[in-house]
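What follows is a pair of complexes built around subunit A, which joins subunit B in one and subunit C in the other.
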Partner chain A sequence: MATHEEITGSLQAFGEGYQKNKKLKIMNKDWDRVILIKAADVDSQHTLILKNGELTVTEGTPAGDPDLVVTADSETLADLFYGDITPTEPYMNGTLVIKGSEDDIVRLDFISLMIWGE
Partner chain B sequence: MKRVVSVSLGSSGRDHKVQVELLGEQFEIERLGMDGDFDRALAKLQELDGQVDAIGLGGIDVYVYAGNKKYAFKDGLKLMETVKKTPVVDGSGLKNTLERETVNYLLRETNYLNKDTRVLMVSAVDRFGMAQAFTTAGCDVTFGDLIFAAGIPYPIKTLEELEEMAGKLLPEMTKLPFHMLYPTGKKQESRDEEKAKKYAQYYRDADVIAGDFHFIKRYLPDNLNGQIIITNTTTAADVEFLRQSGASRLVTTTPVFEGRSFGTNVMEGVLVALLGKPWEEVTPEDYMDLIERLEFKPRIIDMAS
Partner chain C sequence: MSEVQLKKVLTLRTVVATSAGLTLSSSTFVAAVQVAGFLAGDAAWLAILTGGLLCMTAALCFSELNGMIPSAAGIRLYFSRAFNDRTALTVSILYMAVILGVIGAESYVLAEILNEALPSVPPMVWILVMFLAVTAMNIIGLKLAGGFQDTITYGLMLSLVTLAFIALARVDFHLTAPMDTGGAMGLINAVAVGVFLFVGFEWVTPLAEEVTHSRLISRGMLLAVGLLSIIYAVFTVGMTATVPRAALTGSPIPQLIFARTILGDIGVVWMVTLTLAASITTFNAGLISVSRFIYASAREHVLPPVFSKISMRFFTPWVAVFTIFIIGVAISTIVLFTHRYLVLVNMAAAMESIIYALAGLAVIVLRRKMPYANRPYRIPSGYIIPGVSVVVFSILALAIFVTFPQVFFYLTLGLLICAWYVSRVVPVIKQKYQAKKSAARKRRRPMIQTTKAGD
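And then the complex of A and B:
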């Protein structure tokens, strides 16, 4: 089980990976989204906000309704955002649940692979 | 009579059956759409296994390529591995030969393609041979793989960048359900209105639009301005649709039987049945030799006439 602080750390690493990738910022200029990240086994919630290609990470829930809700156990979330695992497999086996449109799910998968992919 | 059947994840509205004679052999060629129902496709493949001379897998890619790397879609492999006795193909073997040759034919025999001709390839990893041929010809190519498969408005402009992206994305994205990346079933019959508007400029900026017809059709904007379309799997209704949309010419890479250009999976199935040897042993040279003997040439339809 990962702690809230570990998930925060993983999301900060994810955010830093995003900031370093100029191409990714260009690619996401059209994709303004609010994403809620929820751990299923510990009290931990974070919000990712994508606006004009920029990504910000905050602790807690968003002010309004999120466009996407990502839920998994704390260990999976920390592994995922640290890039130790890719989202595809946990998504396919149901460990990672993403609520949102199919296009948005593909897009989130894409961002993760662009940051951590081979 | 040899029988070749294509089992497609696409719409059954496009089903078709023809009889043709090729190199003295009678062929019955049939396409069966499964309306996006994966389990129905698995059952149909099991039913046909051992009963026909070759099976094509349509509406899905098994193998895609970028540079020297080959990637396999998990869903496609699952379908392919269901078939134990009959040779089963997805068209990727033939695409590399036939579609590269189509570009070379157009360069040799027409003035449609020149250095700097602006080409939009709606997707290139499923037609890497064609992508290389356009690039070698000096065309100004936009690879739309991210735009049309992933909804990311980022045009890829070089084969090197395409290979780099493919290396990062495809090892994982090929594990996703195929319908998340490609229009299957009923989606093949309708246009994505929002994206057709959003991506219209990529179509209108091009002189030539090439690649998978279902991608081309799903995002086709209202008014083209005389573009040449290079594709296959078009029906007579599709030809009329393209004419109405403002395309100037349609070039189909596979032969037309009874007004219908079949998919490369069907034609690869026919060639494998003619060769009569295991698919694993078939070489690009075998395909080239047969294509020449069959006198397969791209078909060009002038939309103005």
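And then the complex of A and C:
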């Protein structure tokens, strides 16, 4: 089981990877989304905000309703955002549950692919 | 913890339109006259309504599975939990291959219709134009909006009912032999092929992640199947009442013959518009489903990594989309030269029956395996409905195999190839990925986690 701090660390690593990728920022310029990341086994919630191509990570829930809700056990979330596993594997076995539009879910996977590779 | 609401959610109207819209296609009319061809009297309605009723049992099974596991991964995940991952993957790959066949049959039927309306343009040109248009749409990332889908589907349903009533009024129709099926085997075959009329109603389950409650998907599916049952029944009776059955069953474009018979050139224009509308949604949805499946399979190292390449400009899985373009055009070309589109239609009907039987079995297995899992929707009356789904759809698949042995041959061959691929090739791809990954980089997550996790 991962801790809240470890998930925060993984999201920061994800955010740093995103910041380094200029192309990704340009591609997401028109994709403004609020993503809630929830751990199913520990009390841990984070919010990813994409606005004008910039990504910010905050702890806790968003002010309004999110566009996407990503839920998984803490271990999976930490591994996922550190890029040690692809989102598709836990998604296909049901460990990772994402609520939101299918297009947004695919876009999130694309972003992960571009940050961490295959 | 309170339930989080999403900014955008889909309504029941769009869920019904999506479920019914994916089902309504050019090749469904071919299947509808095939249903009539198996029966002696005016009993096509009976076979279609029976097919619809049976599909409702499958819809109930999908509702329970979807409520329990609300994921766009659909059958891949349901079957993996119920049976095992290898079975789920084998069946999913085969199912996607059959859908590719349906796309091929669909483009052929549509090309024949457009060629009939504009004979100067050969069908092959239409096939290429359609594939190029839909491929370009998918590579660029253009999507049909929900409102557009709603308008097309409800407009189409209304048009089909209107055309049917015009036809029935013209011939002052009276049911002469409404229950005359001509024998039990004819009825079984008619119902089996009738299942094809509803192929795709369950493709709405990936929307589970976009609705407020999974019950909306269940209601949407049931409503769509119910509405379609009535519309198909009325339309098929209308067609067979006005056009000789032999002229319809021998043609890949029965709906156009029917429209021309009752309304002349206006009917042709009307039907070409309807068919184009019906096909574009099914065609596009099929292409999106298969391309995403290919992309996701590459991402989980089931297919070579090349299939997970994405367009840096449009954020779309262009290699997966382009692969479907190549395979789709190849299938359509083969169908164009052999005219054996019915094999694909029957293969889809058999495959769909197998999927519905497996969905029923998955409900039963999961109730035993995970009796305390959260089920927002549970089919009433215990095991009766899933049991009926397993037995009836297995019989229907067998009926298709007995009547069309080549369908059995192709599906068995496909199953063997998929099983071989999953058991022999997939482990090699996964091994290669692991070796490449270990050589390329160390685990990013700080090692402290592994000791804490105890692994």
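We take it that the second predicted complex is superposed on the first by the 117 of 118 C-alpha atoms of A that agree within 3 Å, B and C clash if a C-alpha of one lies under 4 Å from a C-alpha of the other, contacts with A are read in each partner's own complex, and residues count from 1 in each chain.
By definition in this document, a contact is a pair of C-beta atoms (placed from the backbone, for glycine too) under 8 Å apart; a residue touches a chain by one contact, two chains touch by 3 or more.
Please read all numbers here as calculations on a predicted model, not as lab measurements.
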When subunit B and subunit C are modelled together on subunit A, clash or fit: clash
Contacts of A:Asp30 with subunit B and subunit C, given as first, second, both or neither: first
Partner chain in contact with A:Met92 - subunit B first, subunit C second, else both or neither: both
Touching partner for A:Glu75 - first (subunit B), second (subunit C), both, neither: second
First (subunit B), second (subunit C), both or neither touched by A:Val106: both
Subunit B or subunit C, by number of subunit A residues touched: C
Superposition clash, subunit B versus subunit C, among 113-121, 131-139, 221-229 or 257-265: 257-265
Contacts on subunit A seen with subunit B and repeated with subunit C across the two complexes: 23, 27, 86-89, 92, 102-103, 105-107, 109-110, 113-114, 118
In the complex, subunit A residues that touch subunit B: 23, 26-28, 30-31, 86-89, 92, 102-103, 105-107, 109-110, 113-114, 117-118
List of subunit A residues in touch with subunit C within their complex: 1-2, 6, 9-10, 13, 23, 27, 34, 36, 38, 61, 64-69, 75, 78-79, 82-84, 86-89, 91-94, 97-103, 105-107, 109-110, 113-114, 118
Touching residues (chain side subunit C, partner subunit A) in the complex: 4-8, 69-73, 76-77, 80-81, 85, 143, 206-207, 209-210, 292, 295-296, 299-300, 305, 308, 310, 312-313, 315, 433, 437, 443-446, 449, 452-453
Interface residues, subunit B side, partner subunit A - complex: 146, 150-154, 167-169, 171-173, 175-176, 180-181
